[in-house]
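Here subunit A shows up in two complexes: once beside subunit B, once beside subunit C.
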Partner chain A sequence: MDSVYQALADIVGNEHVSNRPEELYIYSFDLGTTEPHRPDYAVSPRTTEEIQEIVRLANRERIPVVALGGGLSLAGLAVPFKGGILMDLKRMDSILEVNERARYVVVECGVSQGQLTSYLERHYPYLTHSEPGAPPTATIVGNLAIHGQGDLAQPYGFNSDMVNGLEVVLPTGEVCRFGSCSIGNSWFTQHPLPDVGIFLGWLGTTGIITKASLRLFPCKKIRGTGQFVVEDERLVPEVMYKLSHTQMVEDIVAYSQAIPPFASGLQHFTINMAADSEKELEFKQEIVFDDTLGEYIQRGEGGFLGFTRGLQRPQVSKTSDWRKGGGFEYVGSIMPVEKYPECYRRGREISERHDIPYTVLGRCIGAAHAMMFSWTYAFNRADPETIRQAKEALHETDDLALELGGTVWKPGLYGQKLVMERLDPNTLNLMKKIKQLLDPNGIMNPGNWEVG
Partner chain B sequence: MYELRFNENDCLSCPTQDCLTKCQYMDIDRDTAKREILKIAHSEDSYVLHDCVTCYACEEYCPAHNHPFYLIAEKQEELDFPPLPRPLIQRGINIGVPFRGEPEINEVEGRVLNMGAFADHMYLIQGKLFESLPVISTDPRKMFHYFCQLMYLHYARTSVIKERLPKIIETIAKHKVTEVIFFHDECYGTYTSYCPAVGIDVPFKPVHFFEFLYNRLNELKNEIKLVDLKVAYQRPCSSRLSSDKLHFVADIFNLIGADYVRREYVDENALCCGGTIQGQRREGSRKRAAEVQKRNIEDMKNAGAEVCVFNCPACYQTLGEMVARNGIRPIFMSDLCRLAIGEQPAGWR
Partner chain C sequence: MTLADFKYSDVIHRCFRCGYCKFPINWMDVNNCPAYARFRIETYSCGGRLWLTRAWLSDEIDWTEHLAEILYSCTACKNCEVKCPLRFNADILNMIVAAKSEMVERGKIPAAVKEFLENIQRHGNPYGTSRAKRAEWIEGTGIEQYHGQDLLYYVGCVGSYDTRAQQSARVLGKVMQKAGVSFGVLGNDESCDGNEVSKLGEETLFEMLAEDNIAQFKELGVQRIVTLSPHSYNAMKNDYPTYGGEFDVSHYTQLLLRLVRDSKLDISRGFKAKVTYHDPCFLGRWNAEYEAPRAILHAIPGVELMEMERNRDGSLCCGGGGGNFYIDLLGGSESSPARRRVREADETGANILAVACPTCLTMLEDAVKAEELEDRLAVRDIAEITAEACGIE
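So, the complex of A and B:
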């Protein structure tokens, strides 16, 4: 009997560990274009303590550990490039606390977006969280760990800006807490304690987040989406700026795509709004659609397509899958909003060069402080040639994101390399020191952020 | 190229100028109406070209069947006075572009039901009423090969209709059909009103959906259980192109025991769902549409309607949720008919 396998079974029980090829195969890839790599073991812990023991074991044995949430990053971020232990966190799925008055929720790391959405709808209809565009099986913590954004990004920013506290198992097995929970209080704030921002954006290379406190926000009785469309992509930044100025919208997404044809060559906006009464809704619609967007409508430059009540969540991922074979991957970037026109034009050129129907999208973050701009490339999973085309397009787009003055969001290995090439040397050196300090044996999600 | 058959002399000799004096969205007297319609006919600027909400109603009002609305739409395009902002027009034009390959052509050699651009509403044609009836345009991925294009009247793009429609007719004809029942009024109006008006040949016999439903209900008369519901009907704009078939609404309600409530905004006075108005370029269009919708629904409520019957999916999309919020259940006509023969309506919300 394999001694590591036996040790893992002793920690989590026989039914939650596997080294069977068919199960390792499932954990060898994600849904993007990254080459598959099989782990040696797949293990599914239920508690923080079990995670601690697994990490200590991995340290003793010098075995890589890759933590997996929903597995939906598409960028290969949880593909076990160097084998080892694939730690599937989906059993850690308890919603531990909702504090209605202080508006936060404490979740374990396997709680999914869809789970939290339905839980809040059922038990706390006046509260909501910023749900990303990913499928509902994406996890809350996985999204925080990659600095995700959701459908409340316009007023409140990145989801990782909404963190009130974290519990983390360090690469050497210790458990640390950050925020008010670290001094024994409730999980109501991250600030003003010393901020140790070394777990978000590090793609699981500095520790495993086991619990998180996430801010919740008022959920109004009526929520819905208005649609607006312009032809000229150069109008998008100013429309986004003006819409965010109203402080009356929850989400602003601009998109354009070759398929279906209605969206081709046009820039559509979805504008989410919420209200507690008809009076409030009409007031907001008047300000947003009549006063703010009216000038474009009357000049014939912009068109109002109506307001539909009820949010379909998630919205964004539904727009990405238009090609036979069902595959797609995107390059996400965090980009100044003013770059939208160039992002659109250059992205379209890349798509056309690679014979892929173009799909682009920009989501406003904060009061137009930035946007998440994505270029999506569809491919046929059964056709290696289209996968190769998509991969080339993705790499070109990683280059483009940086060339245009943005940063790559949740970069895959190629994007990480580009970012590290440009990183301030002192910053890179600090990252090295942090990494060496926290993960002396280099076991955490190796291959990612390999700073030295 | 196809040309609109419009006779200016009919307007000159018209004793009523009903086309514009009956308009529910513009207040126009007879003299002004005559002056403006002639200006339009002479390709001169007229405020009517800017203020028209494109509700199609003047096609019905005109006693000479002289096609005033088709004329307005043509002149809006010719003079570049689009009723909608440019991006909405481009979006609309893009919508009708087929993009998922060619349709499968099954030769029918007879009567067929055509879903047109509403193949995603196949759930509305289930049950005994539709038994043994061949259907074309059943695949939402291919439905734009059957799209009648008449929607572009709202967009002042008759050139697009004239360019694309012959190809659509060709596709339908490939099925070797003799009679085509059109699920949507707009398609029926295309082939019975618009095509003759501009000289496009139609090689099959169009049948109105309500006429088909009425006849089928009569065939199944023994199975009808009176529905005992107070119903209002949301008349779509394209129904104005087939006003000779409007009586089937009341006939169907009568046959199935539905109480067709007495309303102000009914038949000739029916109000637009507002779907097109809200997107128009004129200042205040969103509010104008909301005001029309409110007036329409209040009228239904005052008349005691329990149910609002739709046939046009676009009207349903615009007004369905709104009427439901006002305590009136929205239902499609085919579903109401299915209810009357003891079946469970698929789209009953």
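So, the complex of A and C:
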């Protein structure tokens, strides 16, 4: 009997560990274009204590550990490049606390976006969280760990800016808490304790987040989406700026795509708004659509396409089937809003060069402080040529994102390499020191952020 | 067979494994695929099964007993089909059944599945019990052999052989007698309807069963059939016409509702209880019959109907479909779907968990015992509840 397997089985029970080919096969894949790599073991813990024991075992045996949430990053961030233990965290799926008055929720690391959305709708209809628009199986913590954004990004910023506290299993097995919970208080704030900031954005290379406190926000009774369109992509930054100035919208997304053909080349906006009464909604609609966007309509530069009540949450994404092929991947970047026109034009060129219908999207973050701009490339999983095309396009787009002055969001290995090549040497050196301090044996998600 | 020869070779790669298939309608958790709920590991999700099937047919992985168990743990509950937002969703379950068929073709199926199929072939039922014992449940009921009455009452294997399900089969007979329904049964001449055989991928045996049953029904002049089991209802309503078996098929809840509405049944004695209703997959998601059972319960005086959060097309399967009531690849754990389901029923505050399927009846009653909920939750078939409301002992 494999002693590591037996040790894992002793920790989580026989049913929650496997070294059989079927599980190793399934957990070798990301859903994007990243080449699969098989783990040696797949394990599904239920408690923080079990995770601690697994990590201690891995440290003792010098075995890589890769934590997996929803597995939907698409950038290969949970592919076990160097084998080892693939830790599926989805059994850690309890919503531990909702503090209605302080507006936060404490969740275990396997709680999905869909689960939280549903829970709040059913039990706390006046509260909501910033949902990222990923499939509902995406986890809350996975999204925080990659600095995700959601449909409340315009007023409140990145989802990772909404963290009130974390519980983390360090690579050496200790459990640390951050935020007010670390001094024995409730999980209501991350500040003003010393900021360690070393678990978000590190792609699971510095520890495994086991619990998180996430800020919730008022959920108004009426929510809906307005549609606006302009032909000239150069107008998009200005429109985004003006919309964010109103402080009356919850989400601003500009997008353009080749399909359907009649819409190709147009820049569409979806503008989410919310109100507690008809009077409030009418007032906001007047400010946003008449006073702010009216000038574009009057000049013949833009068109209002209507307002639909109700938000589809979680969103249903059909992107993966655009080429009837079960695959897509995108490069996300965090980019100055003013770069939208160039992002659109250059991204479209890349798509057309690789014979892929173009799809680009920019979501406003904060008061137009930045946007998340994405370039999406669909491929056919059964056609290696389309996978190769998509991969090439993705790499070119990583280069483009940095060339245009942005940063790559949740970068895959190629994007990480580009970022590290440009990183301030002192910053890189500090990252190296942090990594060595926290993970002396280099067991955590190896291959990612390999700073040396 | 290679992947290229697989009937769904042009579709199977289109599953992205986004995971919608794991959710109920209201997204409350990822436990609505019964096999995934049981094991909570990706191989047991619908997407996992599809990717593994493709890998197996492409020779990326070999057949193993474990691979077969993963596929056969699918109960054919159709939650995946309902939840998948993509255009190929109507083929999802067909792909899994086709993969099972390929395993049958190659003779590589789990031992319990082999036994299940062999028993049906030899004895006309999955339990391996003699055909001569099939009619034992009828003793003392006065239920007649079918000889041209208006209705054929088709009981099915579970209702004929399982001790608990036999009770509901008998009670339904009494209710129909009380309502003056002209009906008869096939007794020892009844054979398996084949629904599970079909979902286990044994196409040849299913064809044989369907053709034999159809021939027998035709020979007897059967035109209208009422089934105890939604599984039989599904096979006879949806599959038998392909083999020339065009019958007017009803599930018993549909018949009982008509009898109540036509005042053929006096339900005024009522049934005072807090009742929650579990939708059987082969009545609900497979045949979109969600209202007849609820309408009966609503009509019975004293019934306070309380819905579980998962209901109608978001209902959680009891884990018995796809032959799993016998092959039992999902049992043995507090995560087993039946045990999850009875805990949900208990959470509603109901003291009666109403069912409309003999498989659900046995699965959920066992789960109530395993969860030690007998002191506050009883599983009752809607036929039994109706009988009590009619004053039938």
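In this text, the second predicted complex is superposed on the first by the 443 of 452 C-alpha atoms of A that agree within 3 Å, B and C clash if a C-alpha of one lies under 4 Å from a C-alpha of the other, contacts with A are read in each partner's own complex, and residues count from 1 in each chain.
Assume a contact is a pair of C-beta atoms (placed from the backbone, for glycine too) under 8 Å apart; a residue touches a chain by one contact, two chains touch by 3 or more.
Computed from a predicted structure; not experimentally measured.
> Contacts for A:112 in the overlay, against subunit B (first) and subunit C (second): which applies, first, second, both or neither?
In the superposition, A:112 contacts subunit C only.
> Determine, under the contact definition given at the top, whether A:219 touches first (subunit B), second (subunit C), both, or neither.
neither
> Which chain, subunit B or subunit C, is in touch with more residues of subunit A?
Answer, by number of touched residues of subunit A: C.
> Report for A:231: first if it touches subunit B alone, second if subunit C alone, otherwise both or neither.
first
> Which holds for A:303: it touches subunit B only (first), subunit C only (second), both, or neither?
first
> Based on the superposed arrangement, let me know which partner A:90 touches: subunit B (first), subunit C (second), both, or neither?
Second partner only, subunit C.
> Taking the superposition as given, does A:20 touch the first partner, subunit B, the second, subunit C, both, or neither?
The answer is second: A:20 touches subunit C but not subunit B.
> Go through the superposed model and pick first if A:264 touches only subunit B, second if only subunit C, both, or neither.
first
> What residues on subunit A does subunit C touch that subunit B touches too?
none
> For subunit A, which residues count as touching subunit B in their complex?
229-231, 259-266, 282, 285-286, 289-290, 294, 296-306, 309
> Write out the stretch or stretches of subunit C touching subunit A in their complex.
So the residues of subunit C touching subunit A come out as 13-20, 22-23, 26-30, 39-43, 48, 51-52, 55, 60-62, 64, 66-67, 70, 85-88, 309, 333.
> Going by the contact rule set out above, which residues of subunit B touch subunit A in the complex?
Touching subunit A: residues 82, 84-88, 90-92, 94-95, 97, 99, 275, 278-279, 281-287, 290, 318, 321 of subunit B.
> Touching residues of subunit A toward subunit C in the complex: what are they?
Listed in rising order, the residues of subunit A that touch subunit C are 15-16, 18, 20-23, 25-27, 29, 31, 42, 44, 70-72, 88, 90-91, 93, 112, 114-115, 117-119, 121-122, 135-137, 314, 316-318, 320-321, 324-328, 380-382.
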